[in-house]
Amino acid sequence: MYRQMVLARAVDRRMWVLNRQGKAPFVISGQGHEAIQVAAANAMRPGSDWLVPYYRDLAFCLALGQTARDFMLSVFGRAEDPNSGGRQMPSHFGSSRLRIMTKSSVVGTQICHAAGIAYAAKVRGLDEVAVTCIGEGGTSQGDWHEGLNWAGVHRLPFICIVQDNDYAISVPHRLQMGIDNVAKRAVGYGIAGVTVDGGDLLASYAAVKAAVERARGGDGATLISAKVARFTSHSSDDDQRRYRPQAELEALLRRDPIERFRGYLLDEGVMAEDVDDSVQQEATAEVDAAVTYAEAAASPLAEDTLRNVFAEESA
Amino acid sequence: MTQKTLIEGVREALMEEMERDERVWVLGEDVGRKGGVFLATEGLYDRYGEARVLDTPLAESSIIGVAIGAAMNGTIPVAEIQFADFIHPAFDQIVSEAARIRYRSNGDFGCPIVIRAPFGGGVHGGLYHSQSVEAFYAHVPGLKIVIPSTPEDTKGLLKAAIRDPDPVMFFEHKKTYRLIKGEIPEGDYVTPIGKAAVRREGTRLSVFAWGLMVHYCLQAAEEVAQEGISVEVVDIRTIAPLDKPAILASVEKTARALVVYEDNLTGGFGAEIAAIIAEEGFEMLDAPVIRVAGPDVPAMPFNKPQEEFFLPSPERIATAMRKLASY
Amino acid sequence: MYRQMVLARAVDRRMWVLNRQGKAPFVISGQGHEAIQVAAANAMRPGSDWLVPYYRDLAFCLALGQTARDFMLSVFGRAEDPNSGGRQMPSHFGSSRLRIMTKSSVVGTQICHAAGIAYAAKVRGLDEVAVTCIGEGGTSQGDWHEGLNWAGVHRLPFICIVQDNDYAISVPHRLQMGIDNVAKRAVGYGIAGVTVDGGDLLASYAAVKAAVERARGGDGATLISAKVARFTSHSSDDDQRRYRPQAELEALLRRDPIERFRGYLLDEGVMAEDVDDSVQQEATAEVDAAVTYAEAAASPLAEDTLRNVFAEESA
Amino acid sequence: MTQKTLIEGVREALMEEMERDERVWVLGEDVGRKGGVFLATEGLYDRYGEARVLDTPLAESSIIGVAIGAAMNGTIPVAEIQFADFIHPAFDQIVSEAARIRYRSNGDFGCPIVIRAPFGGGVHGGLYHSQSVEAFYAHVPGLKIVIPSTPEDTKGLLKAAIRDPDPVMFFEHKKTYRLIKGEIPEGDYVTPIGKAAVRREGTRLSVFAWGLMVHYCLQAAEEVAQEGISVEVVDIRTIAPLDKPAILASVEKTARALVVYEDNLTGGFGAEIAAIIAEEGFEMLDAPVIRVAGPDVPAMPFNKPQEEFFLPSPERIATAMRKLASY
């Protein structure tokens, strides 16, 4: 799991470099959110359970089996991009093979999709869990409520992880909801509500694992509120210094989930310093290779703009 | 064969498709024990049970959103929106999600769902139980839009919709449900999506319509036939994909085009048909392309005089036919 | 308040008679819901506080100052109908004079309107409360959630009364939500949640009164769950015998809020039998007069279909 | 006078209207301290404070629904939808509620709100940050739809929108925000809603466009002018109410019409303009009514070749002009 977080961070950081170099027109990232995502991925059965992601789920998707190359292909908008063939902005994940549902940019709609996937799984008698992610801002959307309500009515194998980073772009938590912790809403749907420090990998793993078991056992859905830190601005089009106090930004750095877990691994003697170095180097190498490959890869054909609106005979 | 109503076409298609393919299921408000507010799903609950004939929470966005999700996981949902007027909360799920899942994933995912909704007025439904909504969705690439006007087509097209790998919106004119009767062939058949049907051959002018208006146009055509005006009535049937060749072939024959729709005039789907004729059929035309449609007020009022004022009548259509024929 | 309930019931019953006579194409009624509505109206300041109603709020609107005649004019779709000039179906209330917000048929949208009215009141420093009603089915709508969330974020002078009659047309409570009592959701918005027997006039009055005081005192919003009995089918287009067990329908009759309050008034000696008789007779007389007037009133002009789409110069 | 950008027109209009009338306030996602994702509301928060420049929860339906309610209670809300692509969750509130409040109450209530949203593509926005949505709302009686293309109009029309007693949707093409510069008159002025503007006089053919496409049409007109083709460019400016007299007057002059829009071809608002010309201008026409528009795919892809393929370019428009001129 440590390896996965490190890789995600390396990919993520590189994206910003590419953006500054003028090679990546748009970047939105998950730095600071890695622990809850990697924990959740590892609590699931990849290829059987489903992820209905949101745009910060880079670490989640990598941990489920996407590669740095897959991701870089989307950053450059290449034809080979497995998420969308270069049609969508980066971080709009999707892979039928990995059971990562294709994502739009619209905040909130995915919650109902996850409920639908879980309903189908339940009715078909499949042992599958649908996990979906969203920010705390997204919980204000009507679709979030409607999806949670379905999960409650049918006791679905459904887990909603709210990655609460205190901001929706610039809108602070206090203007988003009248409560401190969104997990309080679970009781209103008749589902389990869990609060976890989303920067603590092991605690996150335990929380998601329990929710997955609840789902598999037929005991219904779970709403998990995971507090996390948004390290970067909302996206490459944003500058969080405009609306966040300097002190708050500095305090963030002390909440790095990777540093925390590294510290733990080193302190406990589970990992040696040199192992850590090689993990970092491998990640960098993988990212380098991915960027080289993706940069050289072909763009989609202009004429192919017209394809895949509907099912194609020979597709 | 016995005459059946249009709504029986809906019911038979659902019953048979659920029997044929156990992936097919139905969801919506009151579709279960009650059998739907128009009884379109009557009998399904008893036969297939709650899990496949599901009464949903009163939340249209989730009806479509859940249907989309369930379609990702190996099922074929047929969602009923109780009245087309109440489809608007689901606009985002339909337009941003269902319509684009294939495109945005470059073909990696498909979205085989059907959305059924009764639409249209003339039933004292007032502002919120009378609307036509096809124009909104006809403008959305990635959706197929079907509006049957006969019992036979209703059954055949609904089956086609259910078997289609892409999202299909299926609008049923609620006034035609019991008003329109006709034969329904025995056994399994499918009416292909994307083909218009000439309901009446004619030479002097062509009329293009769908839903209830097809029947009003036929009445008007009958009326002006007495005056020697020969009208060709084309039932558009599927708004998207649109059967452009059939439209242009009819214009080629008559050189005159009238488009009739119940929806508000401005920006209604008839504008698209008129625009196509004005561009691709221009050299065949001997007269302006005329439209008869509902006025540009929000929707049909409840009281009778204003409801009648709104809904295009056979008389109004006949008047337009005479005008067009006289060019 | 007794008088108001009796009048509402008399109007309501007459509607069904008119429907059977073929004079009223559509009827939707509030029989069984009268106590919570009349209680709420009396806890408000009419003309200052706002009602954002739903279609069962006949008793509510009458108690706020609409008349039987106003209502019958809408049943017949007459030009003089103050709600909509005969444009909307009956029970689509609206009166700027009485601060009853005009209602569409769409379930759920009104909750956000009430939040907006309350927000404006708060920002403008007005001492006004916005009360809105909805069925338990309507609480599943995204707009319900979004409106309640606003009420919580801004601690608005806002009250949402859920008239929970166990059915949304034919859909039973258990398929509508995964909880027994929708008031449980209040905690998820940071607002007060109250449960009351909506068939008990005095308990209902106390509950709404407390909520109104909370709102006026700047202490924020309240979600009230009022359990009520739906005596009639959903509307004149419905037949509840198709989906409700006979025993359940019979049990309903024992929950008549008017009978309950009449029993109380008589038992306590607050009202004499003959007073009751005259209340009933007055109500009947008022309804008779209203029907006679409305039936004879003029229909709207066909050409006026085109009016009032936009503001009119001389209007 | 100094040249200002189009987005300055937005900002100045908001600033001045909030100053002029304290009932006016602004709400939306990130409109407060951040000043909007495009900085259209920059400076308002510091000047007018949180209550009047309100960052809302991330929920578009409630942004519009709350605005409607607040308009009932004596205020004039200007709601920003961050991207037009995200207006869809509010479709129901706009179509079923805002547009009908006056009609359904027979004039007892009005709904003076403004809904601003940046729309349009060509900015690497991909499928969900590039869309045109005017066609959906142009089809809804009860709404006014404004799309300015110059800084001067932007300010004047936005002021008119704020002072209008009915709901006005105000769409700003995001690529024009900083690209398009021009003079903005000093002081208070209002540009009336409902009037088109001839941006370039011409004799051989008329082009009708709005938003960014006005500028692309002007470029194309310049190009074909070298070849001796004289093109009249009409900026529609307000989609609803539509300035039909201006459109027909131009067709009368040139006898040839081209409609250009960035939105998907089928069912786009250009279809309505073409249909009007085909009906009311038919006898003046010497050639088919031609449309140049985006293809019928969900929206503009993110990658460059496909984004360019989608967006109508000055070259594509010039080609259509040549074709039409040669009739």
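As written, the chains take the letters A, B, C and D, and residue 1 is the first residue of each chain.
What we mean here is this: a contact is a pair of C-beta atoms (placed from the backbone, for glycine too) under 8 Å apart; a residue touches a chain by one contact, two chains touch by 3 or more.
Bear in mind the structure is a predicted one, so any value in this text is a computation, not a measurement.
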{"item": "Identity of the chain that, by mean CA position, is farthest from subunit C", "value": "A"}
{"item": "Whole-Å gap separating subunit B and subunit D, where each centre is the average of the chain's CA atoms", "value": "30"}
{"item": "Where subunit A and subunit B are represented by their mean Cα positions, the distance between them in whole Å", "value": "40"}
{"item": "Rounded Å distance, subunit B centre to subunit C centre (Cα mean)", "value": "35"}
{"item": "Multi-partner residues of subunit B (each touching 2 or more other chains)", "value": "57, 59, 61-62, 85, 88-89, 92, 96, 100, 103-104, 127-128, 141-142, 296-298"}
{"item": "Per-residue overlap in subunit A, given as positions that touch at least 2 other chains", "value": "84, 87-88, 92, 104, 106, 140-143, 146, 149, 153, 175-177, 309"}
{"item": "Arrangement of touching chains [line / ring / star / complete / other]", "value": "complete"}
{"item": "In the complex, subunit D residues that touch subunit A", "value": "29-30, 32-35, 37, 54-59, 61-62, 85-86, 88-89, 124-129, 295-298, 301-306, 308-310"}
{"item": "Residues on subunit B engaged by subunit D in the complex (per definition of touch)", "value": "61, 85, 88-89, 91-92, 95-96, 99-100, 103-104, 127-128, 135-136, 138-142, 240, 242, 263-264, 266-272, 274-275, 277-280, 282-283, 285, 287-291, 296-299"}
{"item": "Subunit D residues touching subunit C - in the complex, by the definition given at the top", "value": "25, 51-52, 57, 59, 61-62, 64-75, 77, 89, 92-93, 96-97, 100-110, 141-142, 144, 165-166"}
{"item": "Touch list for subunit A against partner subunit C, complex", "value": "140-146, 149, 151-155, 174-179, 182, 184-185, 187-191, 220"}
{"item": "Footprint of subunit B on subunit C - complex, ascending", "value": "25-26, 77-78, 84, 86-89, 92, 104-108, 137-138, 140-143, 168-172, 175-177, 237-238, 242-243, 299-306, 309"}
